[in-house]
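For reference, the structures are reproduced in the following blocks.
Next come two complexes, and both contain chain A; in the first it sits with chain B, in the second with chain C.
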Partner chain A sequence: MSTTVASRRKPTAQLVREHLTPLVFTITTMVLFAIFFVWPGSLGLFYSFTSYRGVGTPKVVGLENYVTLFGDADFYKALLRTFLYTVLAVPIHYVVPLFIAVLLVSKHMRGATAARVVFFFPWLISPIVVGIIWRWMFGESFGFVNYVLQLLQLPTARWQSDGNLALFVMLLAGTWGGTAFTMLLFIAALKNIPRSYYEAASIDGASEWRQFWSITLPLLRPTSFLVVLLGTIGAMKEFALIQTLNDGGPGTENVLMVQYIYKTGFEYARIGYASAASMVLMLILMVIAIIQMRIDNRGSDQG
Partner chain B sequence: MKKLLAAGLGLALALTAAGCGSGSGASSGGSAASTKPLQFYQSGDANQGNGYAKMAAKYKEQTGITVEIVEIPNADLKTKIKNAAQANDLPALARVGGIDPIWKDATVDLKDIATASKVKMDLAAKDEKGKVYSIPSDVTAVGMFINKTLFEKAGVKYPTSEAEIWTWDEFVAAAKQVQAKTGAKYGLVMDKSSHRLNSFLYEFGSTQWQPDSSGNWTTNAQTKTALEYFKTLNDDKFMPKAVWLAKDDPNALFKSGQVAAYYSGSWQIADFAVNIKDFQWASVYLPKQPVRATNFGNAASMVVFEGPQAQQAKDFLSWLYKADNYALLCQYSGMLPAADGITVTYANNKEAFDLYNAEIKAAPPIVAQIKGLGLKNEVLGKAVDGDPVRDETVKFLNGEVTSDQAITNINNALTKGLK
Partner chain C sequence: MTVQSTTPAPGAVTPAPAAIVTRTKPPKLTWTSGSIGISLVVWGLALLYALPIVWFLLSSFKPGSELFRYPLTMFPDNWTVSGYTTAWTRFNFARYFTNTATAAVVTTLFTVIVSAATGYAFAKYKAWWLKVFFVCILATTMLPTEVIMPSTFVVIRDLGLYDTLAGIIVPSIMTATGTFMFRQYFKTVPDELMEAARIDGASELRIFASIMLPLARPIAITLAIFSFHWRWNDYIWPLLVLKDQKLYTLQVALRSIVGADNIDWSVLLSASVISLVPMVVIFLVFQRYIMNADMNAGLKD
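Our next item is the complex of A and B:
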């Protein structure tokens, strides 16, 4: 190969490198995105305007599903309960993993590796199994917790047939199952904070508590944002855990949005209606995400 | 390079074509499908399932054809088959709770099997043209079990002949006495099921739900009385709330020996015979208030789905319903036969099975009428989505709606689906 040929071909090679290569790499993502998001998403959007019941040809009914949905008391009930669950779950899902992460990276900590394995373990278990485990623990007639309460001569509690206690068990199980992942995010972020900041602070006489508030927490800001965003979306979409834990019970008191969609879509075969509810949920999630990003951006600008 | 690509493409096409070929070839019932096991969806407890498994093993011995029994929890079976129909992935045959409009037309006519085996035709789903969509797998009836050990320990009597049949008030008083004297945790558990609840409603004189002259579904005043009564029982002292309101398992509760009575049905006999060892149990007459009634009917129905294995599945079913084989299945599974002229030699619990037969005989005509109405609607493709009777009762028990609201909601849901 002569040098002249090489120099003549160079622009083409460069063109390929600069344009074709990125395209080849992104094309996989684009195809996957199209197949697994755009296509089912559009199909769902289309179904939401039909009275589709799972078989036959969908019949277009316009906005009827949405009109019914906005007048459906069960929908609002599920939505309100979902908001309540989210409002309670997100702070817990933030504080507990942060607390554990701070403990695990603390210089006073002994046996951190073993503890990390223990705390990480629940993350390896499917949410369905998490639900079953906690159902057994908090079973009303035979549950472990009620058994222990009985042994201690304490009154037993109605963990499943009392709506608020059932919600409490949901929060507990959700926290137990979700802590590991958030904990890892926090550990990584905590380790990235330069030690010199703390050293300087302690020379200036700042207490550990003061250091946490003034150094750790502000520097965890990007991670915190991520955790809150993921936590909010995760809580709004909680499903598998509740399905096995108490099936949205007692009665229909703890039926959250996704379970409501599942029930109308698959138990009642109202695919069109369930699709409309899904679209509304997606819209709510998008609004929440955008608001949170706005808040984060504003915060960063000021900082 | 191009040649290689073309060759590869050609090979791929050839493979796909071969795949289609074997699929369509098998639809004629040819030998191509014989290597694939026949999938049989069903749900039941270990003992019921084992009956079919034993018969499948026998069939394999005789014909070399494998019937793969797929156990699906009862709560999921309906959804599972519905989803399978939507995904075009139906099994060869199934033991289903009812005919679903979604897959109704994907079933094969079972008239010849029903006729040949003298199957009880009242319990078969058929249309006016004579197509038989499903045949009953077996008959079940709602019934009550008591923990005999607890009753005896408390010295409380229970009816042992038809003359002594108790009212609900008498039964509740008796069970409460058992609770008080033995320290049993609960007096009664009942399956979270509209089938059991309907039996309870009949006993209070309810006519259940039927269309009125204008086609709107409605019920009589006794339904409300019965529902209100049921709520007073679900007070977490006499009946545990978590069974109807959450997911506690009444069968497990009864088996724990901590519950005086269990309102369930004949299908439990086989299970209890094997799995209850710590105490003695007995089948007793259902209480009446004032109507003596048991909700009976087909436990489930057998359907064969269209597809490459339809003929094979029909062959299996007609073998299964031959008098000798069917009697054996009933014996293995502790089932009441749904065909005439079948003599089952129950190894155990003969007295329990006799009691159920007496209860079925004494049931008022309304039970069969409602059953017939249900089957007729199923075939017409009219179905209620979900289970409004159960779901509204749960809401009522949880205080989310009043009994009047619950009944109105049930009326509306049934009218919407069935009118």
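Our next item is the complex of A and C:
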């Protein structure tokens, strides 16, 4: 009798310790996760099959939203512009911070600590204000940049009324705002590379340029992967910065996906239709993430 | 599967203890042609990076009449703070400032506590469902709110959170990054510490609250800084949730000035600078924590 009680009681205590205690610790996160990720995620999927406009009962319309979406020129325009922005932004957001980080940790650099603070400063600034700052720099008739161009007797440029120049300013502003964080990631990773690797390489007569390609870059692989993945997702969902920089302008030339979803969902109250666009964007993000992880896995197997 | 391959990444970037490597300075500063060249390049770039903010800051002290006057001058002829006073009082930025501060501080407090508890459970308990849930949390970094805005809005509305400050606080409490940071840290704390406390008869909650949590103080501070930064600069949640202008946060208020037909640049410049002040102060005070932070996956929330 007593043995059965003991053997019964022990599992209960174990059950409490192994399951109930961690449940107490994680329950808040679970509830929040369910309410703000699972619920909107599944609701979005459901709405994408309805003609919901924010009031009344959603009416199921099957695949209609998706069919309309794939024939919607505005949607394609936003999607293509988003791809273009991402394809241009990701390499720049990778190379510029890497360049700065490598030079900052270089033994030749003087005043690295102070310079690092300067490069880091834009991190403090919100995307909304970054947009405002660069809008102020690139004003067409009053901006600093056009004024300097004029002083140098160079032709001024239509930074806001030319779609491609406006995209260029978006890239500049995004890089300026994003450098700080990525630079810190790279600096942390660079400092973890043992100095002895470089010492051995220079004894063997490898130039610093060669050392960068053969030691630094391969060892930065995990960080590079992270930066490219985060950068891609970040560029695909760029929104706040553009809201104040040019609001997707001139016209609708630089309206990217998230702004497109926002406009259709809220300004035109087409929640169902916007949800369909959301699902497409989500799918694209997932595919991109999976592809990048595949590439990363394959690479590390070889390495 | 997707997530398995991300897991090594955070640790691989910098293991926690190594993050606080202090830079060993070369014993003698000698100027070689290499050091001159590289220093010049870096400082030239640094000047370029500083230029927009310097120009912006100086412009904010110009009277409206000077803002667009050609030829442009770097420094104001007549220094003025009229843009600041107008923004603060007539444009209600005092109120937006308070709203933003309230939301940011309250969210941050909850974020630190909730992330610590969740990260602790992930690090120290072995239940099978914890692994599943951890993968779910990781997946949230791939599914940003921006992507599911329309349905998120409906959820907020149905919960009765629409147009309340709680509506921007509650959804922002949970962050994958915060959870990771604590998980990574608690993994480095030896299990023997828990075992010893258990033998002494301490309850599981007590072990967490009076032994583990105080140990994780540096992580808590770092996360608090990051969380405040995310919340202070957040645009998407306030945009979705707030309609009443009295509840606006700084970011939404700034956007509304830009959205006007005629942008009042004098107010816009000053109001933007005002919005930067808290982050600059935090940076000056906690620089060490920010610059040496254990950089993890998804620190950009």
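Throughout what follows, the second predicted complex is superposed on the first by the 274 of 303 C-alpha atoms of A that agree within 3 Å, B and C clash if a C-alpha of one lies under 4 Å from a C-alpha of the other, contacts with A are read in each partner's own complex, and residues count from 1 in each chain.
One rule holds for everything that comes next: contacts are C-beta pairs under 8 Å (C-beta built on N, C-alpha and C of every residue); 3 or more make two chains touch, one makes a residue touch a chain.
Just so it is clear, the structure is predicted and the values come from calculations on it, not from any experiment.
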Residue contacts on chain A - larger count, chain B or chain C: C
Contacts of A:198 with chain B and chain C, given as first, second, both or neither: neither
First (chain B), second (chain C), both or neither touched by A:266: both
Touched partner set for A:18, first chain B, second chain C, both or neither: second
Which of chain B and chain C A:94 touches, first, second, both or neither: neither
Partner chain in contact with A:140 - chain B first, chain C second, else both or neither: first
Which of chain B and chain C A:251 touches, first, second, both or neither: first
Which of chain B and chain C A:83 touches, first, second, both or neither: neither
Partner chain in contact with A:161 - chain B first, chain C second, else both or neither: first
Interface residues of chain A shared between complexes with chain B and chain C: 54, 135, 141-142, 247, 266
Chain A partner contacts - residues on chain C that touch it in the complex: 2, 5-6, 8-10, 12-14, 18-19, 21, 23, 26, 29, 31-32, 34-35, 37-39, 41-43, 45-46, 49-50, 52-53, 55-56, 59, 67-68, 70-72, 114-115, 117-118, 120-122, 125-127, 129-130, 133, 136-137, 140-155, 159, 170-171, 173-174, 179, 204-205, 208, 229, 232-236, 251, 254-255, 258-259, 265, 268-269, 272, 275-276, 279-280, 283, 287, 290-291, 293, 295, 297-300
Chain A - residues contacting chain B, complex: 53-55, 135, 139-142, 158, 160-161, 163, 166, 246-247, 249-253, 263, 266-270
Complex contacts: residues of chain A adjacent to chain C: 17-19, 21-22, 24-26, 28-30, 32-33, 35-37, 39-41, 43-44, 47, 54, 100, 103-104, 106-113, 115-122, 124-129, 131-137, 141-142, 144, 147, 176, 179, 181, 184-185, 188-189, 191-192, 222-223, 225-226, 229-230, 233-234, 237, 239-240, 243-244, 247, 258, 261-262, 265-266, 271, 274-275, 278, 281-282, 285-286, 289-290, 293, 296-297
Residues of chain B defined as touching chain A within the complex: 79, 82-83, 85-86, 102, 185-186, 236, 240-242, 245-248, 252-253, 256, 258, 385-386, 391, 394-395, 397-398, 400
